[in-house]
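Order as written gives the chain letters A, B, C and D; numbering starts at 1 within each chain.
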Amino acid sequence: MMSLSDTATPRTATSPDWDLFRRRGKSILVHCIVLGLVAIMLLPLVYMVMMSFKTSTEIAQDPLGLPDSLYWGNYMAALSSMGYVRSVLNSMGITISVIVVVVFSGAMAAYPLARLQNRISRVIVMVMALGLATPNFVTITPIYVIFRDLGLLDSYLGIVLAFAALKLPLAVFFYTSFIAAIPIELEEAARLDNCNNWQIFWHVIRPLLAPVTATLSLFVMIMVWNDFIYPLLLLTDKDKLTVMIAVYKFVGNTGIDPTKLFPAAVLGSLPLLLMFAVFQRKIMAGATAGAVK
Amino acid sequence: MRARLSLYWFTVPALLVIGLFFIHPILLTWNMSLTNFAGIGEAKDVGWRNYERIFTRDRYLQEIWLTLWYTVIVVSALTVTGLFFAAMLHRLPLIRNFSRAALYTPAMMSFVVVGYIWQFLYSPLNGGINVALRDLGLGAWEQNWLGDPALALYSVAFTQIWMFTGFTCAIFLAGFAGIPEEIGEAGRLEGATSWQRFRYLELPLLGPSITVSVMLTTIGTLKTFELPFILTKGGPDGATRLLSIDIIDNLFGQYKFGFASALSIVMLVIVLVVAFLQNKVLRDRENA
Amino acid sequence: MIRNLSAVTLTAVLMASTAGAQTVLDVVAWKGNEAEPAGLPELIEKFEAANPDIEVDLTYVARKDVDKVIPPRLQGGNPPDVTMVDSSLVDLWGGAGFLNDLGTGSAWYDRMVPAVREVMTTDGEIRVFPLEVIGMGNFVNMDLMAKAGIDKAPVTLDELKAACQALAAQGIAPMIFAGGFPAMLFVGANGIDPNGVSPAEYGSGERTFVEDENFNAALDGVRDLVAAECFDPELQAGLDPWATAPQEFRSGNVAILPQGAWNIGNFSSVEGLTFQFAPMPSRYTDKGLALDLVGPGWAIPRDAEHAEAARKWVDFFAEEENLTVFLKAEGAYSPYTGGVSTMPDLAAPYTQARAEGSLILWPFSTLEFPKALQSEWEDSITGFLLNIDKPNEDTLQRWDDTVEDSM
Amino acid sequence: MAELALTNAIKRYGATQVIHGVDLQVDDGDFCVFVGPSGCGKSTLLRMIAGLEETSDGRMTIGGRDVTHADPARRGVAMVFQTYALYPHMTVRENMSFGLKIGGTEKSEITRKVDAAAQILKLQDYMDRKPKALSGGQRQRVAIGRAIVRQPDVFLFDEPLSNLDAELRVEMRVEIAKLHKQLGATMIYVTHDQVEAMTMADKIVVLRDGRIEQAGAPVTLYEDPDNLFVAGFIGSPRMNFFDGTVTRVEAGRAHVSLPRLGGVEVPVAVTEVPGEGQAVKLGLRPEHFEPDGGIRAELTIDVIENLGGVSYAYSSSDADDHPVIVELRGKSRPNEGGRLAVGFDPSSALLFDSETGRRIR
């Protein structure tokens, strides 16, 4: 018998049914509380959707009440003037292209930064940090001049690159920490198999980046989808404009009318939310992998 | 070694894009900050005068403090709310995915839309919040949310916190997922309560997620201008005038591009310094 | 997945199409959108029918985004062919040489209302074709007034105070008075004597606000309104003059809203809302004071690609029948003499005050007050409302400081 | 210290049942080992005992207390995880103190207990290190130490040695056995390695597909398995099984003819009488072959494994899933590819029902 057993804590017995009841009850209660809190967090959005279905008089008389009937007039008015399908397709095309550029050039740039620790890496990382820290509204005029000189105005290519530049620093940071966590043995094995740098990147590193890519894509998606200054500045052809521009047409210079803005806002955000819903599992799996280094 | 250095070719596309469309404009901004540029036409060199003005006037120093204070409020609140929801949802796998997506939804809306939603919620007369309080019999709690100078900054901050709680929650949930399950189980067997497991086991192990989340939210909040711009335009009477609001006002309200550029450079330096210090402190803490 | 994505990118990049053979007239305006159509869709159709070789491409850019989007294009030598401008933009862009002189020899130049002509002409050049003059005053909900036993929109201070008391007695919120804009209208209408000192004297620092009897009296006038229960001053700071305040009026929750006539169209579309647009009660007149804002106009940038077509566009608007379409939709007055009335009946009180010469041009729209003063007014009047008992000089001194700063 | 009893313990995940009504009694101070192939439910069962998995149905008592739905911490159990589950941000001392600290034990008391445990496990020199600065064996010891200081009624081990190399594994095996003697505590130990089970256990519980196949002392399981599965699982090298047919039953013996061994007939003593012509399997452990046994046959040998003291001869044929393994002890070794004359005593043979796998005794 060991010597340290003299003061073992006494363990009290309780009824097993009570144990079960207590655990189940607590679990149900906690689920309810958390779901309740989540619901409260969603209330402002519900408020917006409700307003979008109301008439002005309804908003006045009962700001919190449910709309008497679903008043689709607001939506019809919004839809008819948004050029909806075309602008949504433009937004999607630009968003996806930006994701491709950011993902490729970001992952490629991160590979050497993650593997080589020397002065060059540090300088490049500094440059990226500078990009991350800059408020982007100050660079509007220079950007325009550069675009004009390069003949990139009013082209999808131009706006894609401009957006890509905004999110690339973040992408490089994400990928750098993620690649650093990939065991170097994988690469060494590939080198023994006679792979060159590019082949290692392409066949060994790239396939492992899927999770963090999903997270990053979400960030890019949200930013590109909701930004409207770049499209206004860099695109002039109306057929190229994005959906958020169509939404902001409902923000007047001298006021906004909730029965006009909110239906448009709902329509404008809907495709993004749907894409999110469809990819949510993948994206969240990515978020999981992304932050763990 | 040469084979390794040739890896740097991989950075060329990214550096080209960033250099051309980001770093180059920043340098131009720096040049502009030494002029009296009005956004258009010729700019005249004014040397350091813009910077002199920033650092000799109380107004801008106050704005810097206000910006930092706002950031402290938002970032700490976001960290707490994000941790709270993540810790809860980590323990409730049944509703985890749904809740995470639901919480993330506000962050997917555009700032302008969110700003106007809350404008209507905060309205002192028939705004959603005051009406709800009235309906719940809590009429005494009604507030002039955006009109009371003592309250406005916190109301704006609250909106920002509401918007990004899902964002920090997702980052922390990822961190939780990275903690081996056995750690929590070992803790349970040793009699640690839910709170004790969180406090002594999970929180210390969430270090990297906390670093990522705090850095990203800090940088984002320091630069933010959209919500205060739409909700209060810096008002009432300057109570929410963040540095970024003044930059926008100088740029587009008064067409003082040169001066606004100088303010932007100051802000850039602040962001870099804060980010650097944070990174150092947080990483040290992680490695301790 | 990545491979699919790159295919999409390629398609997206290739989608960039080339322009047609016709002249495409690139017009930028902050009107013509859903919120403020201003008759532009109709006018464009008519213009294109008259000029089959020209296709108008109107881009809506909100006023505050114009500041971000157009200067780079002007600077970059790639401006729109025609752009909407207001007086501060004319001053800034024109002053930097980016706008064409439209020529003081034009027929429409001679027809322009003298006061407007005087304001818009700089260095002997006219760089803008003014489109409209918009009234600013009180929107009055006549149904709510009727409930308080009043059948006429108040145009004097006494009428206003009496109306407030009667409305308040009925439990109706009498007035919106947010510092950001509505309160400014009242302060301006009671501080600027239409027959007295020119606003330019304040704006140039010749005359200080703090020692000015008129502006001191204007702030005292605000206190009188508070005493008459027109509004709770502290509550007003929480209202956004452009979003929640108009919504309160639109919804029939408040009887009086100081705002611009540009809301007429918007408010008229609300079913069951009966309202009038009246001039601002002022201590200088018993007719109410019309506050005319010199509105936007068309300008042709120096580097416009299709300057000739742009000229046609401007001349098109110079024809009275066309301008009338625009003005009617806007609820605005013509900046040119002669011409038919374009205002709806509900604006009769305002039109009448105007016709009787009880009128000032809003000094911010004529640049008689510097631009920086506007945001200082917004801030300081809000501050004044939050602490209504503090001495007037606390508020007025800030204005003088701002004027001094911006010189 | 206490005994553990499970009554009809069931675990369901939604509609899927993974543990099917387990009844089990572990006596106070016993060292009980759960074995079985991966996926058999042994870890799940252990985690149910720990309270980490909810028990869907049935009862569970420790020392007479019903703990079926009790919180893990209140069951009086401590667990050593396969991955050790050491808290990476705490030193060895902090790791071992944590549970006591949470329980509100006095500081001096904690120090005393932790030091005592450290001494038992020879960890004194590492107390201020963090887990990442320890070797695998040391980490294992810390994990055990963490369990010891809490003086649980029941120790639970979840494959604790599977992350160690072979040499360390043997060493730790001995140490855990020693510890068991020293503490005299009830221990439950999960492994898929039947050697560990045989060497350490007082009682082995063989699990398959969420059911107990057989529970008992190692020797019982080895010598007297209840069914084909246990017979095949326990013992290394595994038992040989020969397909056969019962030709006749007389005088308490079933005569079984084995085609694989050239059709020899083996008389096996039985109490229950199988039908004539019934398909059976005859089990024979490799060490039961002896040159001078009563039954003689010949096998073609294709591989010989020489382990020094003993050798194993393997004889494959196309009809078999597994080669027949024969243990050789003498100096005379057959050539690979050659023929080997074997014999065995029919009393060492076990008889199983081919269809149900049940032992025919």
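Please note the rule applied: a residue touches a chain if its C-beta (ideal position, glycine included) is under 8 Å from a C-beta of that chain, and two chains touch if they have at least 3 such contacts.
The structure displayed is predicted, hence computed values, not measured ones.
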Which chains are in contact with both chain B and chain D?
A
When the mean CA coordinate of each chain is compared with the mean CA coordinate of the whole protein, which chain is closest?
A
Which of the chain pairs holds the record for C-beta pairs in contact?
A-B
Taking each chain's centre as the mean of its C-alpha atoms, give the chain farthest from chain D.
C
I'd like to verify one number: the distance from the centre of chain B to the centre of chain C, where each centre is the average of its C-alpha atoms, in whole angstrom.
35
Distance from the CA centroid of chain A to that of chain D, rounded to the nearest Å?
51
Separation of mean Cα positions, chain C and chain A [Å, integer]
38
Taking each chain's centre as the mean of its CA atoms, how far is chain C from chain D in angstrom?
88
By the touch rule stated above, which residues of chain B touch at least two different other chains?
39, 116, 120, 126-127, 251
Of all residues in chain D, the ones touching two or more other chains
71, 74, 103
At least two other chains touched by the same residue of chain C: list those residues.
64, 68, 71, 75, 243, 247-248, 251, 253
Can you work out from the touch definition every pair of chains that touches here?
A-B, A-C, A-D, B-C, B-D
Of chain D, residues touching chain A in the complex:
54, 59, 63-71, 74-76, 103, 105, 109, 112-113, 116-117, 120, 148-149, 151, 153, 182-184
Help me check something: in the complex, which residues belonging to chain D touch chain B?
47, 50-52, 71-74, 77-79, 81-85, 87-89, 98-99, 102-103, 146, 150
In the complex formed with chain B, which residues of chain A make contact?
30-31, 34-35, 37-38, 41-42, 44-45, 47-48, 51, 60, 63-64, 101, 104-106, 108-109, 111-113, 115-116, 120, 124, 127-135, 137-139, 141-143, 146, 161-162, 164-166, 168-169, 171-172, 197, 201, 222, 225-226, 228, 244, 247-248, 251, 256, 258, 261-262, 265, 268-269, 272-273, 276-277, 280-281, 284, 287-293
Counting only contacts in the complex, chain C reaches chain A at residues 2, 5-6, 8-9, 11-13, 15-17, 26, 30-31, 33-36, 57, 59-65, 68-69, 71-73, 75-78, 80, 241-243, 246-248, 250-253, 259-260, 262-263, 266, 270-273
For the complex, which residues does chain B have touching chain D?
180, 182-183, 185-193, 196, 200-201, 204-205
